[in-house]
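Each structure below is given as structure tokens.
One chain, chain A, links the two complexes that follow: it is found with chain B in the first and with chain C in the second.
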Partner chain A sequence: MTRYLVGRLLQTGVLLLVVSVVVFALVTQAPGGPAILLDRNMGPAEVAQMRALLGLDQPLAVQYVRWLGQVVSGNLGVSYQAGVPVREIIGQMLPNTLLLSAAALVLTLAVALPAGVISAAWPRSATDHAVTALTLFGISVPTFWLGLMLIVLFSVALGWLPPGGMRTIGAPPSLGDLARHLALPAVVLGSANMALVARYTRSSTLAVLREDYVRTARAKGVPERAVLCRHALRNALLTIVTVVGLQLPRLVGGAAITETVFAWPGMGSLAVRAAFERDYPMIMGITLVISAAVAASSLLVDLLYVWIDPRIRYD
Partner chain B sequence: MSGSIPASATISRPVPRGVRSPARRTLFRFRRNRLAAAALVVLAAVHVLVLLAPWIAPYGPEVVSLIERLQPPSRQHWLGTDEYGRDVLTRLLYGGRVSLAVALWSMAASIVIGVAVGALGGYAGGPTDAVLMRITDGMLAVPLFFVALMALATFGATLVNLVAVIALSSWMTVARTVRAEVLRNRELDFVAAARALGCGRWRIVARHVVPQSIPSVTVAATLGVAFAVLLESSLSFLGLGVQPPAASWGNMLSGARGYLRTAPGLAVVPGVLILVTVLCYNWLGDGLRDAIDPTRADR
Partner chain C sequence: MRAEIGRGVRAAVSLVVALVLAGGAAERAAAQGSAGATFSLPLIDNARMWPIVGGLPNILVNKVLYSTLVKYDPKNWTPVGDLAERWTVGDDRLTWTFALRRNVTWHDGKPFTARDVKFTIERLWLNPQVPFFQRANLQDIGRVDAVDDFTVRVVTKVPFATLPVMLGYLANILPEHILGGYSVEQLRNPVDFLRNPVGTGPFRFGESVLGSHVRLVAYDRYFGGRPRLDAIVFRVVADVEQQLAQLQTGQLDLMIIEPHQVPAVQRMANVQIVDALQVNYTFLGFNHKAEPFGDRKVRQALSYAIDRKAVLEKIYGGKGRLATGPINPLVGWAYTDAVDHYRYDPALAQRLLDEAGWTKGPDGIRRKAGQPLKFTLDFDRGNPVREQTAVVAQKYWRDVGADVELRVSEFNSLLSRIRARPNPLQAWVLWYITPPEADLLAYYHSQGTLNEFGYGNAEVDQLLEKGRATFDQPERARLYQQAQRLIAADAPVVYLVYPAEIQALSARIQGWVPMGYRDALTHMLGVSAAR
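Let's turn to the complex of A and B:
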């Protein structure tokens, strides 16, 4: 187990290194450089001075190694645009994104697992057809458009929920207010995953229900409910966890879009802005943190296997 | 002619009764799937309309008319006008050309990369395979949407860059599918026979092994178009897709975003078109998969 963990951590380290090199090589190719150098009020001399100040006059390899050196000592550099340490900005935004993603994930599981199991328990029933149709819809609908439509419906037409942001400006911070702001983005971010997870829950539960041990359980007189929840779902979970794990990198992309639609102050909208402003330290910091978070979650998924299926051991 | 040919119809065609090639059986199963067939019809209609845009569109795609801005649907403008007074129907048709072209080209490119990587890895095996699969798995583990975003913001959102970015972030599933097929097929008797007849290594791969995976690649390609349409529209929505004033379904939605209160209809129509197109491609892909492999567990 320890050997496995060490191996995985090493792999993750290599992956992060490769990703950071690729992203660094990519963003520094931008014609014109960071947006901060494009200020019309600065003459050529001032621009050159600014470049020297930011270290942009050095060869790319030197710039990268400098950045890496900073990272190793726990420093992500200073944002060009905001003039504030990147670590501070990310520290403010990351919890918001984690909150949004967690809410979306909980929502996904709470809807998709029962839907998939019910659908598999009564295949070709009306419920099954409804679930199948809904999942196809969920997979096919563009996230941002779903967000826009929900805003039109719930904020503009009905006025029930706020169209964006994280809290009402001027109101005292409260849990209820936060929940009202969280509702629409969480549904939108969860929608595609909900559909996928429901689909895979259905097919893997269907497969498990044909197994001999399910027949044995039924023959022993175990109530159908227990057969479904304890025998079928538990064994189907393995596939489901794999699907959720594979979707994690995509969830991040979804977060970028959802946060932009709902003006949610998180890593996604931060990244979109940093990309436009070509704020190198910001971009690199976000890339690193997000890739690490995704890698950590997929490690967690692999460890979950052991808990779900005692036959699996990592030696 | 439907798949269930009446007995009398076979007289004119000397096909021996009861003999059906696997391809015909697949076609038969596909035709019986009404949903997939309907999806194919809808997709054909969408593609033809969009292709004919320059001839059937009532206006020019970039004809601005500020006195006619944000009009509701009328006889002159069937779907109304947008924030610059441009005809929405016209822009939908022209935008569809762009969106679908990007999706189809990037699908084609991702198939080429995926088949090459999968076939090479699967047939060569050993270290080549190990390296290629590591790269594939690594790509799958990275939040690619992010890297795509950075790349487009850096190199500019031109059509070619858009196609490249979408293709580079979607070839991995194809590579894995093809590799699995190649691994399975390369040990079969007909491959051994080809080898015994003195076929060269790469000729065997190209002529005997890879063609076996055409059915599953077709399915992957169909689902890939759906994915590409969604990705293109998301990138356009963030301002990293096709640049205005040229229209695409994604950037029309991006423009409509500022008028959710005054003209919500502007945001509805392009979205519905994207939804219908993606839905049909998904249906088609599922239908093809079921037709090719009727033994799948979740039927």
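Let's turn to the complex of A and C:
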């Protein structure tokens, strides 16, 4: 197990290096340049001076090696736009994104798991059809549209919830205020995955329900609920964990569209702005954190397999 | 076991409901209390409160947090005192003397003096090691002497008649008593100072939450008296639909809208629309170094080919007036409309192109020496006015025999190409916001640093040089009026519209000055909000 872990970590290191090279090449070669060089008031001399100060007058390879050197010493550089260390900005945005994503994930699981199991237990029933129709809607509807509709309904028309942001500015921070701001984006972010997870839960539960041991359990007279929860769901979880695990990096990366639509101060909206402004250190920093999260969550999923299915071993 | 889970879920649900309801109470309390006298407006990104670097979010916040030596009178856009009370220029036309206000304090309570002005200009603006984004506008300043605590002498290298105007344009004064000991490295990006920036504006720094907002609160000891508002909040809201929702629900008090959004905003009971004036113009730019734009007749023809009146009515929703040249009518002393207006005349456009040797082929496209009249018009994605302008221009130009290809790109990418030398583009849709001045040297002088058109006219060059060095206002006006006539005749670009900035302003706001919001933010002292 230890050897397996060490191997995986080494792989992760190589992966991060490759990703950083590719992303660095892409962002620096993209048309346009850092927005900070494009203020309309700046003359060519000021632009040249700013470029030199940011080290952008150096060959790309030199720029990359400098960046890598910084990163190795734990420094992600300073954001061109905000003038604040990238690590500090990510440090402030990451908890916001984790909060939103975790709320969305909880919503997803709370709705999708029961829905999937129920529609698998009574396939082709009215309930099943209703769940299928709803999940299809959830998968098809674009996030920004759902977001806007919810804002129009709950904020503009009914006035129940704030349309965006994370707290009421000028009021002392409170949990309730946070919850009100969290409600709409969490529902929107959760709804897309809800559909996905419900579909997977339904199909994998259906598959398990056809297994011999389920028939045996039923023959023994085990109540149907116990069959479903203890025998079927436990085994169906393997697929579900994979699907949910694939979503985990989004916990860290944030949802660009949802965060932007709701002006949620997180990693997703940060990444969008950084990309538009060609804030190279910011883009690289975000990429690094998200890549690390992808690697970590896939490792986590592989380890969860062992716990769920004792037949899987990594020696 | 299941019952336990059930209890847990019920408890969690009731906790969430309770929290949500309690939160509503907090928000209502905030709305009735201090937030009632708060003015909120959106930023598209975090602001850096360091007026040495540019970018719109920074500029907006810095307008309120800091002061300038002069600012602009809302009535006629001429410079009036801000930190300076009055100023004179000596007979040598090089030595300016500014008398400073005596009752100004920095937000930390320390007095503002001539040393702050000297420090800001010499150590920051003119320091070649500090990347000041406005240096091109102020580089003719030679040195600054603090005559006494409240008198500053500014000596320019050459006669520089526009100095007061330029000092009012994004040139904030910074505190010597804090920054004086900083190294050059620190002055480039003073991270510590920016955690608690200190200015002399009517609002002082309150809090900054990255990605969320900047909150400035009324400064009780502001030299003009305490502002009527308690606070100004700049909220980071990049998405326009979210801005509209926040405007409608009262989280925002101001946003800038596009003409097509006017009907929707007019339906909001709590919002008024302000057509604010701004020193600007929109245009279709040509690269004179690229064929066929080196030929004046072709440029004139392309100007006559466009029905700009229809463009103003249909695309700008009538909000603005037809542009006659690069000087905005708000610069009243210098503006003249006694120039060629290029009224829509497709027949004349056709004739001019014929005269220039471009004859129509069977496909309707003109040719000269076997080469078709074909070029690319670049514009940026996402702005409906500029997108529609490009499409309409393509159609008008096609009508007179030009084969125009449209190319859309992100603004960032478009601007970096326009500013490359040599400019790789042929034609493009753009606009300028300029200081309220007639001085066009940077844009229309053949050696101008921002002359991306590659325009050159020796006579115009001379007039612009003379204009900068002439102090007699009627004489300056005469020079710039002559320059406007020559520029209009040359049709270096197609001048489209002097657009109004369409502001959607909360109806509860009073005392707002109807200038473009960059400048309106320097007049926040008398603005109030009904509770």
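Basically, the second predicted complex is superposed on the first by the 304 of 315 C-alpha atoms of A that agree within 3 Å, B and C clash if a C-alpha of one lies under 4 Å from a C-alpha of the other, contacts with A are read in each partner's own complex, and residues count from 1 in each chain.
What we mean here is this: contacts are C-beta pairs under 8 Å (C-beta built on N, C-alpha and C of every residue); 3 or more make two chains touch, one makes a residue touch a chain.
Just so it is clear, the structure is predicted and the values come from calculations on it, not from any experiment.
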Partner chain in contact with A:Thr127 - chain B first, chain C second, else both or neither: neither
Touching partner for A:Asn96 - first (chain B), second (chain C), both, neither: second
Which of chain B and chain C A:Arg278 touches, first, second, both or neither: both
Touching partner for A:Thr260 - first (chain B), second (chain C), both, neither: both
Contacts of A:Leu148 with chain B and chain C, given as first, second, both or neither: both
Which superposed partner A:Gln63 touches (first chain B, second chain C, both, neither): neither
Partner chain in contact with A:Ala45 - chain B first, chain C second, else both or neither: second
First, second, both or neither for A:Gly176, with chain B first and chain C second: second
Touched chain A residues, chain B compared with chain C: C
Touched partner set for A:Gly164, first chain B, second chain C, both or neither: second
Residues of chain A at both interfaces, chain B in one complex, chain C in the other: 30, 148, 151-152, 156, 163, 260, 272, 276, 278
List of chain C residues in touch with chain A within their complex: 16, 18-27, 29-30, 33-35, 38, 40, 44-46, 48, 50, 53-55, 128, 131-137, 170, 188-189, 191, 194, 209-213, 215, 231, 233, 235-239, 241-242, 245-246, 248-249, 251, 409-410, 412-417, 419, 421, 432-433, 442, 449-450
Touching residues (chain side chain A, partner chain B) in the complex: 15, 18-19, 22-23, 26-27, 29-30, 136-137, 139-145, 148-149, 151-152, 156, 163, 202-203, 206-207, 210, 246, 249-250, 252-254, 256-257, 260, 271-272, 275-276, 278, 283, 286-287, 290-291, 294-295, 298
Interface residues, chain B side, partner chain A - complex: 138, 140-147, 149-155, 226, 230, 233-234, 237-240, 250, 253, 256-257, 260-261, 264, 267-268, 270-271, 274-275, 278-279, 282-283, 297-298
Complex contacts: residues of chain A adjacent to chain C: 30-33, 35-47, 49-50, 53, 78, 81-85, 89, 92-93, 96, 148, 151-152, 155-156, 159-160, 162-172, 174-181, 183, 260-263, 265-266, 269-270, 272-273, 276-278
